[in-house]
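Below you'll find a set of structures to go through.
Shared between the two complexes below is chain A, which pairs with chain B and chain C, respectively.
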Partner chain A sequence: MSSLLTMAIILAVLLGGAYVFRFAGQKITNNAPMFRDMGYGVAFGYVLAAALLIWAVWYYLQPLETDAGMKNAGVQFFRWAVQGFIIAAIAAFLFRLFGQFVGTAGTRKLFRSMPLTASFGILVILLYAIVAIFAGAIAPYGQAEILGAANVTAGGDPALGGNPEYPLGTDQIGRDILSRLIYGAQNTVGIAFVTTCLAFFIGGSLGFLAATLQGWLDQLLSRSVDVLMAIPSLIFALLLMTIASVWAVELGVPLTIFMVLIIAVIDSTRVYRLARAVGLNIVVMDYIEAAKLRGEGLGYLVFKEILPNAMAPLLAEFGLRFCFVFLTIAALSFLGVGIQPPLADWGTMVRDLAPFINFAAFAPTAAVTPLLAAGAIALLTVAVNFVVDWMLHKSSGLKE
Partner chain B sequence: MSNLLTIRGLKIEGRSDETWNPIINGVDLNLKKGEVLGLIGESGAGKSTIGLAAMGYTRDGVRISEGTVEFDGIDLVRASAAVKRGLLGKRIAYVAQSAAASFNPAHKLIDQHTEAPVQHGVDNRASSVEDGIELYRKLRLPNPDEIGFRYPHQVSGGQLQRAMTAMAMSCRPDLIIFDEPTTALDVTTQIEVLASIREIVEEFDTAAIYITHDLAVVAQMADTIKVLLRGDEVEEADTRTMLSSPKEDYTKSLWAVRAFERPAKPAVSTGAVPVVSVRNVTAAYGTTDVLHDVSFDMHAGRTVAVVGESGSGKSTTARCITGLLPPRIGEIAFDGEVLPADYRKRSKDQLRQAQMIYQMADTALNPRKTIGQIIGRPVQFYGGLTGSARRARVNELLEQIELEPSQYFNRLPSELSGGQKQRIGIARALAAEPKFIICDEVTSALDQLVAEGILRLLGELQDKLGLSYMFITHDLATVKAIADEVVVMKDGKVIEQGPKLDMFTPPHHAYTDLLLSSVPEMDPDWLTNLLQERGVDNIGDAAVDKM
Partner chain C sequence: MSSILKIVLQRLGLGLVTLFVVSIVIFVAVNLLPGDFAEAILGQGATPESVAKIREDLGLDQPMITRYFTWLKGMLTLDLGTSFAQLNFANFGGAGTTTIAEQIAPRLSNTMFLAAVTAAIAVPLAVTLGILAALYRNTAFDKAANMFTLSSISSPEFFMAYVLILFLAVLNPIFPSLSNIFDGMPFSERLEKSMLPALTLTLVVTAHMMRMTRAAIINLLASPYIEMARLKGLSPMRVIVKHALPNALAPIINVIALNLAYLITGVVVVEVVFVYPGIGQLFVDSVKIRDIPVVQACCLIFAAAYILLNLTADILSILSNPRLRHPK
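Up next, the complex of A and B:
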């Protein structure tokens, strides 16, 4: 009850503060338009933001251990998050600065007008790409290599159960988590990228084809897609993967290839819908009519006239779809039908290490292990979307 | 009498490429109660921006940087949002160019009409509905008692524009801003809207700013005219003085555009094979016939203007000729040879011979391709030229349309002006080396000076290359300027056809006569005289309906 009362009091103080803030602003600036036309909601937003900022600083400065000698894990995780955010921002800023002075005139110009979020996204994607490509050279141990010590905590501090040889610790059977994270980039990201490209190739070309030709082909394709979309995608994927796991053994083809195909086909239905909708808006333009009257073939129409104009929405979808595919693979692996052990995969790692999260309250360094793989997934998802947002903004010619 | 609206030293800036660029460079404006001011200028002159600024409003990304806009003693630039809310809609109203796009399609006209008076507390709903019907009657809308209870899509464009004027009048404002209210309308529809607007503005003694690019229209509507050019005032004078003796060169050039006319060509020798002949074409969309037994010939080196209002079947005829819409009955012959009805069955050479230039250059040029690619494609596709030969041919074509090749080759369509885009459309058609070009309303989206340049260019190209044009237009001034033969269409039928001189000298078919008489003239008394001569019920759509 008292906590409810506290919240009510805080809300009342904030609401009053908003009114005072706006009133004071109007008086001090002699009714400048910013304060004069400021809505009450906007004023409340400013005050709330200020209050949150003050709280964040206060919370950051709380001691790591309570008086009773207990770990204050919340503060620890909050500090890590804030530090990570600041480091990311500085890295993004430095990367953008670097891009402004190195490279061709074109790329330098690109970097000059780039928002910080986009430069962060590009930086992260570049790092992931490097890590994925050179995983074998970077990783200190093999992904399936079982080392001496199991359950070593992250941080490398022997006092807390760490070991400097395994900076991010080892899992239950003693495999190095850092190495597995690095190989996981290769497996998970590489496969997700291939799958997304395939989904776009299938969905995009069929969608444009349906939009250009229309008639019975459009009906046939659209209705088939409707049928596929009517089945919940994860359950459908699970079902097909179960069937494929039998075929994979019979045919001697790796299950991963089946997984790529299955996810690509399922996801291509969404791409098809988008490509068809965008394509239908483009095929009615006069320049398509002009090209048709010139006698151009279907290939030219689809790839040279329609595709460049559909690029912006498709790119946006690519960013989203990549993340979805990525998460589907992680989910399938988590459920045990995706990337098969002993291959490292972020989804599997989250599943395997999940019990450690229970230690969060008293041993933050131990609990961080499953979060590392989950964080790797989240970071890439955010980065890809930052870059896609920026590309969209640029290509759509939106100003401000 | 003091001014109702006083604008002093108005400067407006627009944001692009991260900087603020001037749009209006210090314009003054005075408007007394009951006075109508015409603002004219080409696109980009800042007419609409000033019109909106007169309401203390700017579009997104645009700001008023200096100056005052004083409406009845209130400076709208510095007024708070609350003060402006009290004025807009109530004392200042706005009539947009496209009523079809400005009405909310989800609400009935009368509901939108009553919104402002009810919101402003001027009137209650019931009496506002009555007032609306009264206004509809005054504006001579058909069925005034029930038209308000329709949705916007159930009402024609000209009627919507009048309903919008009625809506602006609903609070009896002191000032109305008309932003090109008749630009999107046919001539016969336009004349009705003009007559209604003028009448109602006079009746309620409302001040108005009338924005248009059409001199003849502004001559009918305005007491004084202000000419703008790229954000600067060129000159201002009362309408009669301005029309009879403009001072500035720019104004004179605007006036002179209307005088452009190509010399008449000798008659076609009998027995000559027409380049394209449309023979008894009847065509249908779905099961409804939209063309009925259309026949006419087009000869080498000549221009046939196909005239008619929207929906008369001009563009459908063009679609039949190009093969996009195979006719149900009848055939298209090229050089005496019958063409396959469907464009997909025509040979590459047959397709090459007939090219098309579109009305909207914006949608006719692929926005993701450079000018070099756009023009280069037909050069390569038909001529088989690649590499430097292709480049040379494209340069040659760019020179033909009077654009500097090195400067434009790598640009995108979005980096060109409207007139330049239309020139690229012409170059793309020429690249195929055709005999015959269909020009579908190629100048209707352009400013008059630019349009004249395009017409001159087309004329020169015709003389040089012996091209035949089928020129689809609703603008009779354009017809006068360039046509050799005229075909008048209405409701999918050819009403009248013949050499230009015959068409412009009486006696005409009744419809041609109505069409000709509806074209506004530069004489400020033209509308008054016409209304006296014919009576209010015998102009515009009302007269068309009687036929």
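Up next, the complex of A and C:
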């Protein structure tokens, strides 16, 4: 009850503060237009934002240990979050600055008009690519290597059950978590990338084919795609994975290969839709007519005439589609039917390490490992989305 | 009026046809399984007699088309059959098997409850935030909201779920991190236990709905009648709420219905994280033990709900748009 009362008092102070803020602003600046025309809601927004900022600074400066010697874990997590945000912002700013002076004239121009979110996105994607490609060289141990000690907590502090040799600890059967996180970039991102490429190959070629040939082929493909799209994709993927898991045992083929095929087919329906729509707009152009009159074959039409002209929307779609595929694979792995061990994979790691989160109040460092794996997934999708958002904004020419 | 009825009926018919075809797809997909159901149920130590018995019980000796129609009839009369796990249980002397319908019914209502709580929080929140973002577009508020929503759209559900567990269950014990719901639980307790999954789903869908609301309203702001309302001297809030919002309703309703459809996929992961006894959890458990009849039934229910919500979105957007109501 008292907490409700406290909140009511805080709200009342903020509501009054908004009025005072606007009134004071009008008096001090001698009725400047900004304050004269300010709505009460806007004034309240400013006061609320200021109050939040003050609270954040106050909370950041709280001691890490309470008087009774207990860990104040909330403050620790808050500090990490704020530090991470500031470092990310500075890195994005430096990267943009770097891009403005290095590179060809074209890229330099691109970097000059780039928002910070987009440069952050590009930086993160580059880092992931480097980690994924050189995972074997960066990771201190192998991904399936079982080391001496199991369940070593993260942080490397021997008093809390850590070991400096394994900075992020080891999992239930004694594999180094840091190495598995690094290999996860290779496996999770790599498999998602291959799946997306496959989905684009299937969906793109069928979509262009339908747009060029039209007639019964177009009808057949389009109606089949309609039916496949009527089933929620994660549900359909789970159904097919059930069947595939039986086949995988029967044929002795790794389940992961079935997963790549299943998700590629399900996602190719979305690509097909876009490719067909874009293709239909292109096939009515005069240069297609001319190419047909020249007697060019179907392959030439699709790959030399339609594909180059459909590149821009397909590229943006590739980014978004990659995010969806990546998230679907992560969800499947999290549910236990996706990428199979011993391959290190972030979705599976989140599920396996999740119980550690309950120790957060006593040992904040021990609780970060499941969040690191989940955060690694989130960070990449956020980064790709930032870049795609910027590309779409730029190509649409929207100013508002 | 009759033309609207005709369009709505047309859409309904189309929805039914889609559902029918989807049921065929689900049935055929399951029949792609190698080997025999009966052997799959009984495992390696099956005697030929018990295999023959199960085959007869399940009607596996019938041709595929007959089996499909028997299955479809069962689905329509809510007789969903018995799960493999339960059959196996009965086979080894377990007493009193429950049918799939009895297994699914309480879980389905739990999932509906979760979706209802989520919608009750998410829809008003998303529309309000969307209007505010459109009203104060290109300000710091709008940019922060844009960044936040883009991040929460692109994060996986389980990341959101664990962050919420960390802050609202472990560090500040406000809500329980396990949603063990059972029948006959008082409403307030039920609400409290399902709060964290509902908040997770809210975070995921609100972002999308809010962005679409903002985009729908901003699209309208260039219209002449908005200019007129502005020149009349109306306040910006009034221009948006009285003049822009009613015209933006169609896309907003559409987005809300689509997001509720999205919730169906979202619940699967979220229910697993919070061990919420809903239909998504049952589905994943059945997938893991390859309990085909349950997987089939759940899949059909998910697909039906998805198609129904998409259909609702379609019909509502026709009803709210005069230009679609009277096609030329």
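One rule holds in what follows: the second predicted complex is superposed on the first by the 311 of 400 C-alpha atoms of A that agree within 3 Å, B and C clash if a C-alpha of one lies under 4 Å from a C-alpha of the other, contacts with A are read in each partner's own complex, and residues count from 1 in each chain.
What we mean here is this: a residue touches a chain if its C-beta (ideal position, glycine included) is under 8 Å from a C-beta of that chain, and two chains touch if they have at least 3 such contacts.
Keep in mind that this is a model prediction, so the values were computed, not measured.
Once the two structures are overlaid, the count of chain A residues touched is higher for C than for its counterpart among chain B and chain C. In the superposition on chain A, contact is made by A:N309 with chain B only, not with chain C. In the superposition on chain A, A:A378 makes contact with chain C only, not with chain B. In the superposed model, A:D286 lies in contact with chain B only, and not with chain C. In the superposed pair of complexes, A:F201 makes contact with neither chain B nor chain C.
Residues common to the contacts of chain A with chain B and with chain C across the two structures: 400. Looking at the complex, you find that chain A touches chain C at residues 39, 41-42, 45, 49, 73-74, 77, 117, 226-228, 230-236, 238-243, 245-247, 250, 323, 327, 330-331, 334-337, 347, 350, 354, 357-358, 360-361, 367, 370-371, 374-375, 377-378, 381-382, 384-386, 389, 400.
Chain contact summary for the complex, chain C toward chain A: residues 18-19, 21-22, 25-26, 29-30, 32-35, 40, 136-138, 140-141, 147, 150-151, 153-159, 162-163, 165-167, 170-172, 218, 235-237, 261, 264-265, 268-269, 272-273, 283-284, 287-288, 290, 292, 295-296, 298-299, 302-303, 306-307, 310.
Within the complex formed with chain B, the chain A residues making contact are 36-37, 113, 285-287, 289-290, 292-296, 305, 308-309, 311, 397, 399-400. Interface residues of chain B facing chain A in the complex, by the touch rule stated above, are 15-16, 18, 61, 80-81, 322-324, 343, 346, 348, 351, 355-356, 358, 360, 363-369, 377-378, 381-382, 414, 428, 432.
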